[in-house]
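So, here come the structures, one by one.
Two complexes are shown next, each including chain A; its partner changes from chain B in the first to chain C in the second.
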Partner chain A sequence: MRKYILRRLLLFVPSLFGASLLIFVLLRLVPGDIAEIIVYQAGAESSAIQQKQVAQIRAELGLDRPVLVQYLAWLGNALRGDLGQSYIQKRPVTEIIRERFPRSLELAFLTLVVAVVWAVPLGVVSAVRQNTWADYLVRVVSISGLSLPIFFTGVMILWALVRFFRWLPPFEFVSFFDDPAENLKQMVWPTLAQAYYISAPIMRLTRSQMLEVVRHDYVRTARAKGLAERAVVYRHALANSLLPVVTFVGWWGGRLLGGIVIMEIIFSVPGMGTALVQAVSNRDYPTVQAIVFVMALVFLTLNLFVDVIYGWLDPRIRYA
Partner chain B sequence: MPDVADRVDVALPVGPAGAAGLEHERGVVRWVGWFATRHPLGFVGALLVLAVALTAIFAPALAPHGPKDAAFATYVAPNAEFPMGTDHLGRDMLSRVVWGARLSLYVGLTSVLFGVTIGALWGAVTAYFGGAADSVSQRVVDSLMALPPIILALALMAALGQSVTNVIVALALLLVPTAARTIRSVALSIKEMPYIEAARAAGAAEWRVIFLHVMPNTLATYIVLVTVNIAYAIVVEAALSFLGLGAPPDEPSWGSMLTAGTQALETAPWMIFFPGLAISLTVFGLNLLGDAIRDITDPRLRGGLG
Partner chain C sequence: MTLAPEAAKGDDFMRRLALAIAILATLALAAPSAPAQETPRPGGILNWYVYGDPGRLDIHLESPLSVQQALAGIYSGLLHRDPADPDKIVGDLAERWTASPDGKVYTFHLRKGVKWHDGQPFTSADVKATLNRVLNPDSKSPRCGSMLKPIVAGVEAVDPHTIQIALKFPAAPFLEYVASAWCVIAAKHVLDKHGDLSKPEAQIGTGPFKFKRYERGNVIEWEKNKDYFRPGLPYLDGVKQFVLVGFPTQLAAAKAGRIHLWDTWPPMKRTDADELKRARGDEVHVYQVAQNTIFLAYMHTQKPPFNNPDMRRAVHLALDRQELVAKALEGAGVPCAVFDPKLSGDFALPLAEVQKMPGCRQPKDQDIAEAKKLVEKHYPNGVDVEAAVRSVGNYVDRAQLVLSQLRKIGIRGTIKTYESAAGFAVFGKGDFVFLPTQDRAMVTVDPGDLFSLIYTTNAGSNWGKWSDPKVDELTERGLKETNREKRKQIYWELQRHLLSGAPSAVPVAWVEGFHFVDKRLRGYKWAPTVYDNNTFMKVWLQP
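Then we have the complex of A and B:
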């Protein structure tokens, strides 16, 4: 097991470096450079003052050095926990992230819990009662969940809230630890909207896994030795069908993060997503760079966890 | 004399060709019937996709007004003159939704074709040569895949700036690593086939083996990758535009129409219903069709659990 974890870690580190380098290079694909964009935003004629400004910003951001040198400097700082200065907010990006990360994490956590709690039992029902109305209902719900773009579901929920309850997302965000009720009142809607989307594939996967597992010999053995149907379904079939569901969370981690960006925007949650969208539209590159880096870190860590859990649950994987 | 010969020459092929055409037509009808009965959901999907495609092709004829003409009263509720109402700038929503089909399909198709083709070439070439180049390219793919898709697209839009073309570039780049990895795994097994060895033994050049023997055999996977990802690309484009970072706001993108609607939820809900419905139906149709195509092209899934 230890060897297996070590091997996964060895894959994790280069991917993270690779991702940070890629993002660094991609952000420098800009025609002209960042300094020019900041100064010439309005598209005005260039003047001597502006040219001086450009040179100043370039020196400030270290843009006058070769890209590789810039990257190594950035990486060195990042390893020491300094992700740079936000160009618009004029404060360290780590400060912004520390403030916003917990909110996005809460949203992601709630979404996953709600999605799994409602999708797995429905998937089981749909498999156990295959080809009955319950099965068809579950399948229709899951296919519609996959086809409704998450931003449309979100906007429709917001519309219903405004139309029927005169509810609008509050201007001021309340932390869960200050006032759990107030906080959940805002978080419950984005959670439900995204859980609906995420739950569709979980349902489908649970269903098809259950149908496959039920055909195995050990399930027949369990039945043959006279176990109650309930014990067969839950203890033998379900336990083994959940394995791929675990990996699934890893695969869809990326979509989950993307969905969180959209949910935060619709329901005015000041998290990582809103910060990223703001930074992109302000072309605040140091912030974009840092937030994307943290998102990649989260994504890779999630995948690492999933791999480790998977290896722990299924010994065959470890020795493959 | 030459006159007659000419006439004969021209007249002769008509008979057999006409007969073949008729038979061919019957074959198509039979095939459509088979498809409709064997894959009823896929057939519904195909009809939806066909409807969207026709809307996109005939947008100039179907749309009563220009998609960017802000020539009418603002926030007019749906009525006989404006079946889908007008928006905050006084543009006809029906015309914008119709032109939106064209924008969505254009962005979806071009980005997927570019992305998957580049990915396929990359995957096939690195799989064929193997060795250090392959390992390095796999690490690059890993790194690209370590960036969550929408996040990567957002970062790219920050670097490239907002325009329809840049959305296509960003989406294509999103699809390259997945396509490269999938095609590589297929190409790795094709590479070991006896006919590749035979082609090599016959003295075929490397590029010839790759393009004429390896790549054509990855076609089934390529087609599935394309069909499955068009819906995905359309959703991501709409999501980017919804966030205000995709197509410029005056372009008729279903995503940016939704954003405009969100600003007027209470006064003009039709501004979100129609574009939202359009994108949902399109994605629904493409998903159903994609599932059916996957079932048909992948024999392992045939007769599987739906």
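Then we have the complex of A and C:
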């Protein structure tokens, strides 16, 4: 098991390197750099001065150097723990990440917990009571969760809160550790919207896995032994159905950090997603680079975690 | 009985007096009683919103509205728009000012006893440091600098409370530029210490509010400056600006009563305003207002097919601005005008004249027939163009409407969308053929701004690379002409020239939008530009 984890950890290095290189190149392929955006967006100075200013800003930020040189310089600094200064906020990007990361992490964590707590039991009920009204209801709920765009759900929640209660969650972010009640007042709504969206596939996956497992011989044997139905379903069937669900949840967990951006925008949560969107639209390269790097790291770590659980649950994977 | 002449005189006087009293009494009874002057109540926090995170806070070096809004109450200018009557320019840090007889030297006499928020005294050295900063040819100052650099020759501090600004020539819009919310005065000692004004800790002003807190991406907070140089002001204890990026969130905040006013970008559409009125009824005052923003369609004059003036003229003739305003702006706009009379007053060509000109008149049949002929002359089978559009707001919908109108004359467009910032970069470099829709906001209401921003050969937003010596010459004359009537004639000539010619940027409409003010908020007046009169120094909240 140790060897397995070590091998997976070693795979982190090329993956992170690849992610950083990819984002570095992709960012430079998008039209416009920060110098052009700042100068042309204002569009006020004469055209000759604008060209001079673009060159001046590029020189100040080192963007006039070849891309490879820029990348190697960034990589060298990153290896020493310096992820650079934000062009826009003029402060170290590590500070931005320290500020924003816990907020997005909290939202992602709450989303996953709510989605799993809600979706797995409903998936089980749907499978156990196949083709009953309960099954149909769960399937309708899950299909609507899959088909409604996430921004629509978020906006509908806002609309309903204003329409029926003339109330909105707070706009001012308060840390959970400073004021848990105020924090949850803001976080619960994006959590519900996002959890509704991702719970749909979890529900369906749990249902289909359960339907497959309950038809296996060992489940029939458990029943024949006279075990209570609850024990058969939860101890035998569900435990063996959860493997793909665990993988899926782990994969979603990794995606969530960047995927909750729409909820962050709608519910005014100043997290990593909004910081990333702002940095991309301003071509704040160091900030984008650092946030994507952290997101890739979280994604890889969660995947490793899932793989380890998988290996622990199924020894065949460990030795493959 | 005859009265003595003196007695007759006295009798006549008494009669007239009685008559005057009777008339005054009648008038007093008939006239509606004037509303009692409300006494402002101090206290309370104004809740406001800003559409995006400002990021860097250097008001002299940045250009987004979000930056100006984040700092509006923190700084003062030499001059500003009167909060009680925003059409008037009055002194702020300058108590009074005089101009030399030749109009080339302005002397500003500064208020005494003004303190910066950190307690340091304000002097003319601060004004000199600020102006030298924005006038520095090597500094990027896209708002204040770009206005003042072409006209200011030098700045001299005569004594600690007097500053003299020498102009290169007598410039008509000089005071308008000095009063701009972007030309506020920063502290020399702060500039010396921090190098620039980018960071929150450098926000030391002389304005009615102090910069209290900036939670990036979340909230900006000001608190009352108790040492403000206008005794008794401000009335509010503070102002909170929530960073609300999504339009649905902004509208929900308005409907739930979480913000007291909406006077910022983007304005509400008519349907949003109706929704707000339904939700809040009598609690809010919703109004339609000119945004000092022009909706343009750009063509690149150095790329086919629009390097041909006939093709540009054809577009001008074919565009049905009335339809575009009705459908794309929900009726909130002034079609075809080069200037909006609501903003530019009599500098704007009378709308009655504009609406009769080819391209602007209704019905469109004759103009479309003529436009079609112009296209057929050069492209008998019609022509395909790529239409570049920033994917913001309803720009793509607007572009589709424009292209559907041009299809009638044989110009077939395919839309290519750009992310907002990428669009500016692409357009600024001139990497496009046709931009069916692009709004440009003016910084002041001076009529010269539009031409020096968009139409002169060296204009910063002359993206279509148009060059017309007559426009350059008239714009230059307009800038230097101090006689108002003569100036008006120059701008009328410019407007007629644009509307009868083939410019690269076709004026489609002046944009209007909807704002609201919570009725508990008193003393607020909308200024002619979105940047002005948002210090809230005289605004107060009724409990």
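The definition used in the following text is that the second predicted complex is superposed on the first by the 277 of 320 C-alpha atoms of A that agree within 3 Å, B and C clash if a C-alpha of one lies under 4 Å from a C-alpha of the other, contacts with A are read in each partner's own complex, and residues count from 1 in each chain.
By our rule, a contact is a pair of C-beta atoms (placed from the backbone, for glycine too) under 8 Å apart; a residue touches a chain by one contact, two chains touch by 3 or more.
Keep in mind that what you see is a predicted model, and the values were worked out from it rather than measured.
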Which of chain B and chain C A:79 touches, first, second, both or neither: neither
Partner chain in contact with A:15 - chain B first, chain C second, else both or neither: first
First, second, both or neither for A:162, with chain B first and chain C second: both
Touched partner set for A:6, first chain B, second chain C, both or neither: neither
Touching partner for A:295 - first (chain B), second (chain C), both, neither: first
Which of chain B and chain C A:173 touches, first, second, both or neither: second
Touching partner for A:255 - first (chain B), second (chain C), both, neither: first
Chain B versus chain C as contact partner of A:266, first or second or both or neither: both
Touching partner for A:89 - first (chain B), second (chain C), both, neither: second
Doubly contacted residues of chain A, that is, touched by chain B and again by chain C: 30, 155, 158-159, 162-163, 265-266, 281, 283
Parts of chain C lying in touch with chain A, wherever the complex brings them together: 52-53, 55-56, 63-64, 138, 140, 142-143, 145-146, 198-199, 215-219, 240, 242-246, 248-249, 252-253, 255-258, 279, 418-422, 424-429, 431, 440, 443, 453, 458-463
List of chain A residues in touch with chain B within their complex: 11, 14-19, 21-23, 26-30, 139, 143-144, 146-152, 155-156, 158-159, 162-163, 207-208, 211-212, 253-255, 257-259, 261-262, 265-266, 276-277, 279-281, 283, 285, 288, 292, 295-296, 299-300
Chain B residues within the chain A interface of the complex: 139-140, 142-152, 154-161, 235, 238-239, 242-245, 255, 258, 261-262, 265-266, 269, 272, 276, 279-280, 283-284, 287-288, 305-306
Residues of chain A touching chain C in the complex: 30-33, 36-50, 53, 56-57, 88-91, 96, 99-100, 155, 158-159, 161-163, 166-168, 171-173, 265-268, 270, 274-275, 278, 281-283
